[in-house]
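Following are the structures in question.
The same subunit A turns up in both complexes below, where it pairs with subunit B and then with subunit C.
Showing the complex of A and B:
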């Protein structure tokens, strides 16, 4: 009897998510990982924001979706708007420190603003990023952050939001208040966000008005959505349909929210 | 006191200090860490401490009584003890909108909880007020 040795069939390719993740440098931005490796200095423009690098570390970040350092400092009176404009105009960090902002407060606010804007700047984008080599940002020495730490934190933040409430709709859409029958008590910092939900404002608008990091506002809104107090404004097309009686029933509304959450998992 | 790292290094001079961090309790981000991490990892420890701080800061029952200035947050510190250590969380008041606390991990055998609590309060104030 002849035994024909057959070679085992080749293994089907299986996407190994963990290694793919590591290869892509955390899977946030391969370009940024490369810039960190070559210790580049300059400005990385991405679809939703800008990262300033000095010798491969991120020293500053800006995003139209996040209030900047100036807004954080001036809105609550830590600094007057004129002093901020002078400091920014002359790119002089010393002016901030001479006008009552302590080094500790400046570092705290700058670090907070940096991680905040970077979260949006590193969001998945539909257009490629562009890097311009150049000089250091004027706030470069306040709180530089290694790229790997920033990417890890950005991924952790995405996971945190998903864990609170998996539906990302409240992050970007105009928001409406949903008044459930038995509303749970709302903690003060969330209540400040809830008070500004009016059917027009989006998360970014509320963050700017409160002078609060935009990611914090996203966290508060996801918690409010999970509690059934806030929901995204439905798209206008829905208005063409006759009003749905079922939508008014709190139990149907609850079931819909559970369904949406399960679908989003 | 110049900045976050200097403040944390100062914290580590307390007798029995094992590790310290400055943590944002809304996002769970560690803005700075020194010494050993409780549980083996600074980032995880920060995120877990942030969850505890948030619960303490958001519950109405833990705030001061009627008439007193509530403050933001209404809680000054959170102290947790286990068989061999203390965890002390001290909220840092700032003049801008933030949600940060100083987090000290203290060995129970060498640490002085009363002293640590007082010094953390002083350092939280000096970090932002100079």
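Showing the complex of A and C:
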């Protein structure tokens, strides 16, 4: 018997994931990576927030979803609201320092607010970002951050949330309390978040009220969701099928949460 | 009053045997500042991992109904000490100092005492 040799089929083209990932600037924002390379100064407007750059480094960030530096400083009594407004209005960092904000406290608060707002500003968006070349932000010298470090941290934060509880629904929806049969003990910082869950407030509202970074509030809410204590408000349903008796059964409720978590993976 | 960088420098300069220090936010797991460490010892990774240590201890204390706060946590390796000191200042809620010590050179009692002093100077 003769063996007929056939040529092996051509190899299928496979996209190299690592290089594709690097080309996309770590998967966060290719535009930001380019701006860092050209050492640009100005303001990058994205759908969920704004990044201020000076010579390619991020010096300040703002997002409607995260409490700003002023709020973090004033809500903890470090500074009164009027002094903050004066300082912001006159763009004078020295005014903050003359009114009892120590340089160390200012640096930590600014770093915390910057990474927090940037997490939201760098979230996937449906509209392209816009960059306006311009002058430096007034807080530019407090805590400049290299773009690569900011992108790395943003990706780490996304992974952290996913690891705690994979369903992102609690990040943006109005939240309701769920009362499991055997409620686990809640540490004080999470309890403060839980106390403000009332069916109306969203994560961003709770963060503003507590004067805490919004990402920290997302972390607490995901832990509370994982413990079965908080869930997103279901959208007002037009459904008219009869109330679900099974929903009252704690085992059914648990199974539903497990199903939801598996689906979200 | 000291800022992050001077605080970490003081940790490494004044504490005998200190090889790395970090100021860490334990909710997000982010190191707000690091100093020292080496290619084989990434302080950012250590910072993120040790937030779980702090959280686990806090949860345990919650379950036990203990009301006292954690001052510091000591982890003893065969050749290193890792010291975690929680910061209690006004705005310092949720931060800790993380210190890596060479066990052969460090004086543990002295290191704890000095780290406490440094924490008091870090007015955040």
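In the analysis below, the second predicted complex is superposed on the first by the 249 of 265 C-alpha atoms of A that agree within 3 Å, B and C clash if a C-alpha of one lies under 4 Å from a C-alpha of the other, contacts with A are read in each partner's own complex, and residues count from 1 in each chain.
The definition used in the following text is that a residue touches a chain if its C-beta (ideal position, glycine included) is under 8 Å from a C-beta of that chain, and two chains touch if they have at least 3 such contacts.
Treat the numbers as computed from the prediction; the structure is a model and nothing was measured.
S.K.: For A:105, using the defined touch cut-off, is the partner it touches subunit B, subunit C, both, or neither? Pick first, second, both or neither.
M.R.: both
S.K.: In the superposed arrangement, does A:76 touch subunit B (first), subunit C (second), both or neither?
M.R.: both
S.K.: What is the contact status of A:210 with respect to subunit B (first) and subunit C (second): first, second, both, or neither?
M.R.: A:210 contacts subunit B only, not subunit C.
S.K.: Just subunit B (first), just subunit C (second), both, or neither: which does A:195 touch?
M.R.: The answer is neither, since A:195 touches no partner chain.
S.K.: Of all the subunit A residues, which ones make contact with subunit B and with subunit C?
M.R.: The overlap between the subunit B and subunit C interfaces on subunit A comprises residues 76-78, 102-105, 107-109, 111-112, 115, 153, 156-157, 160, 185, 187, 189, 213, 215-216, 219-220.
S.K.: Per the contact definition, I'd like the list of subunit B residues that touch subunit A in the complex.
M.R.: So the residues of subunit B in touch with subunit A come to 1-4, 7, 22, 24, 26-29, 31, 43, 47, 57-60, 70, 72, 92, 94-100, 126-130.
S.K.: Tell me, which parts of subunit A touch subunit C in their complex?
M.R.: 76-78, 102-105, 107-109, 111-112, 115, 153, 156-157, 160, 185-187, 189, 213, 215-216, 219-220
S.K.: Looking at the complex, which residues from subunit C come into contact with subunit A?
M.R.: 1-4, 7, 25, 27-30, 32, 48, 55, 58-59, 62-63, 90-91, 93-95, 122-124
S.K.: Subunit B touches which residues of subunit A in the complex?
M.R.: 72-73, 75-78, 102-105, 107-109, 111-112, 115, 143, 152-153, 156-157, 160, 185, 187-190, 210-213, 215-216, 219-220
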